[in-house]
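You will see two complexes here that share subunit A, one where it goes with subunit B and one where it goes with subunit C.
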Partner chain A sequence: MTIDALLALIGEIIETDPARIDPTMDREEIAGWDSLAHLRIVTAFEEAYGVRLSMEQIVEIRTVQQLSRMLEEV
Partner chain B sequence: MTVPMDPNEMMRSLHSGSAQIDYRKAGRLLREMEAQANVRVALMGNMTLEPLVPFLRVEAARVGQIAAFHVGPFGQYMQHLYGEPLRAFGPDVIVLLLSAEAMRPDALERFHQLPVEDRYGLRDDMIAEIAGWIDAALAQTSATVMIGNFPPSRSALGVADMMSEYGERQFNLDLNLALIQAVRARPRAMMLDVAEAVNRVGTRQAFDRRMHFLAGLGWSDAMKREFAALFGHALVGALGAARKCLVLDLDNSLWGGVVGEDGPHGVRIDRGDMVGDAYRAFQWRIKALKDRGIVLALCSKNNPADVEEIFRLRPDMPLAWSDFAATAIGWDAKHRGLERIAAQLNIGMDSLVFIDDNAAEIASVRHHCPDVHAVLLPCDPAEHVTLLDDLPWFEKSRLTAEDRAKTEHYALATRRAAVCASGDPMDWLRDLAMHATIRDACPADLLRVHQLFNKTNQFNLTTARPGMGEVEAMMADPDRQLIVATLRDRLGDLGLVAICGLRREGEALIIDHLLMSCRAMGRGLEDALMNDVKRRFLAADGCATLKGRYVPTAKNGPVSDFYDRQGFAALSLSRSDVALSHCDWIKLENDG
Partner chain C sequence: MRMGVAIRRFAIPGFVHSLYHLVAGRAIVSPRAELEWSRGLRIGRKSQISSFVKIKASEGPVSIGQRTDIGCGVFIAGHRHGIVIGDDCLISPNVSIIGVNYRYDRADRPIREQGLQSGGPTRIGNNVWIGAGAVILDASLIEDGAIITPNAVVSGHVPANAIMSGNPAKLVFTRR
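And now, the complex of A and B:
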């Protein structure tokens, strides 16, 4: 999976241009990425890639980069 | 499906019934239309409800409603009823969703250790709280309130639970039963069967325990979708927005095979044949719609003689010829047949749902009659009942006596029309021996009055669509008078068929609402009703002027000249020039 595909998915959920999301930026810093949006992102991510994260993994994800690494771990 | 980018187009595409949609995108597009909302929905409870909004928005649009949403603060469902934010929002519908575990965490965590009396006490205590909330919601707002029930969960005692006195399962069933009774006893309150929605999804798919612990809402997206669909159904009921008539195709829709080729005994509708049994189940389900007040009709390409023959020779079929209030059988295009049926029943095309197994027919009807909701049957008749159950169009919040007698009413109308066609219309009117009662509406009329307000299109002078709370308010307001008319004739009882809403404004009396069911049109009841109003109020009650209002719509053309015919001058009518209409063929039986 490319980071671009992931950014597109996140951008669509938080209604932000994917090009303006920094993959290394903490989600707290990204406008629109609040706690409920975070769960929507995780749900969409799981659905798109057929994976399932644990509660702790969900909470620990702070950046787009970390989310993309989850695919290698799970 | 590709998602259209224009919100209005989105709305139309949802309404016309495409199956697959992207809830996120659709919800976002529809959110842009919130300013034009025609129904305002407040969500309250002790779960995180914000994630439901996009799903509810889409399902509301699917039943033709643009909804605006307001989510109450987590857990403060009682306090919030009395707060300014809810008052300012002005909800038409309030949905209350409670998690039993969040409502009584201490007791439910150690339920099996509680003494049995405490378990009963817990039930009573929870129901009392909910009933108190409903009463407060009904008093504080004019909204319809929808209460979700409690899905069951597996018991800590496993299979022994059901063998224990008042165990967890029994408690859940009993709690939901007590909730039904509490809700049923209150007007403007409805149940949302969350437990059954969970069943449909399947418990393992419906709940996401991670989301429960993380976010306070343990519903999976599949469950959110199912719940939203349930909400769409309830919304149709709450708004009185049900379609009036289901039009059915015959061959490969009501039975397997083609009657013109296979013959009345060759088609598959026999008990004991698996395909026949599937079609029989479908026919029974359709027949049950009659008891909800949905009128049935047939639109089929067949020789009329073949169709008459099968209904004559196959009385073992669940559906009988007499179940259909109108038929269009022949070789015309289906959309012509649908137009004939609508004309025969005196209802609009947007009151029809059409079901057919032929994709080309469905496409053609969608093209020619976009107002008809056309539904394609799945190939396998085993799926037909589910398809019918999934349609939101036939939902009523509660059933009235008029609903149960609806097909009979239309059948009588057809007989009346036959009598009429045979002679002088005045003779026909006299021959019907009509008796009307014109009286003030009483609380027992609430459901029927609300229903009539919300589905009458043609004979409706102002086409206001009040919610049930607003109807209650009209009845209670000393400055307003809500008058209803019931009608019967020698062929049968038509029930409560007309409403007149009056409002006093100084010396004038304003006719805010005047509407009549299409099945009573052409009988002169409007004359009897207006005569009664003129006699009672202009002559006796110190009202100098009677003023009528007419708000034209696409549908109420038939009454555009109503006030002219009733002798109103362009603006008003005063006592000195009261003229009563000639209407001696209806005998009034007023209560005084």
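And now, the complex of A and C:
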């Protein structure tokens, strides 16, 4: 999975141009990525890639890069 | 409004309700909350009812469990089938829990003259958090551990541990 695909998925949920999302930026600094959007992103991510994250992992995710790395861990 | 309802609603000062519920069930009820003096109203031990809460329990029972917090401005309208709120719930400010609907079968008559109906009890389980401004409609069932986000409108069934958002409320996530 490419970061670009993940950015596209997140961009669609938070209604932001994926090109404007920095994969290393903390989610609190990204407009529209609030706690509810975070859960929507996780749900879409799990559905798209057929994985299931634990609650600890979900809370841990701070950046797009970290979310991408989760795929290798689970 | 019937005289009996009017007396129960307005003639008993708030501090009497506060004192009664404190002695009867160690529940803390703000003297500025508007409660009806009714056998149908039950407030569990150590629950808290904030200022400007209005609870109508003359037309049907309203039961609030133990250690449940009801925030400022919450409106709870019980009807024939009643409203049950479980233990350890957090009901945020300005939530409305409505156990009744107006009938509107006939377009040629004013809605207010067509009476009321209720599709069944409105039930909120244990350990439920309802965000500010949410509306819980008649005959809803919210199971244990669910979270309703602010301003969501719930009608129907909310599964256990679900996080629901929007109007109509839709499942966003299931707590795990």
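The rule is simple: the second predicted complex is superposed on the first by the 74 of 74 C-alpha atoms of A that agree within 3 Å, B and C clash if a C-alpha of one lies under 4 Å from a C-alpha of the other, contacts with A are read in each partner's own complex, and residues count from 1 in each chain.
The working rule: a residue touches a chain if its C-beta (ideal position, glycine included) is under 8 Å from a C-beta of that chain, and two chains touch if they have at least 3 such contacts.
Everything quoted here is computed from the prediction, not taken from an experiment.
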Subunit A: partner with more touched residues, subunit B or subunit C: B
Touching partner for A:Ile3 - first (subunit B), second (subunit C), both, neither: neither
Which superposed partner A:Val59 touches (first subunit B, second subunit C, both, neither): first
First, second, both or neither for A:Val51, with subunit B first and subunit C second: neither
First (subunit B), second (subunit C), both or neither touched by A:Met25: neither
Contacts of A:Glu12 with subunit B and subunit C, given as first, second, both or neither: first
Touching partner for A:Leu39 - first (subunit B), second (subunit C), both, neither: both
Subunit B/subunit C common contact set on subunit A: 36, 39-40, 43, 54-55
Interfacial residue positions of subunit A with respect to subunit B in the complex: 12-13, 15, 35-36, 39-40, 43-44, 47, 54-55, 58-59
Of subunit B, residues touching subunit A in the complex: 24-25, 28, 48, 50-51, 210-211, 213-215, 221
Complex contacts: residues of subunit C adjacent to subunit A: 149, 163, 165, 172-173, 175-176
Interfacial residue positions of subunit A with respect to subunit C in the complex: 36, 39-40, 42-43, 54-55
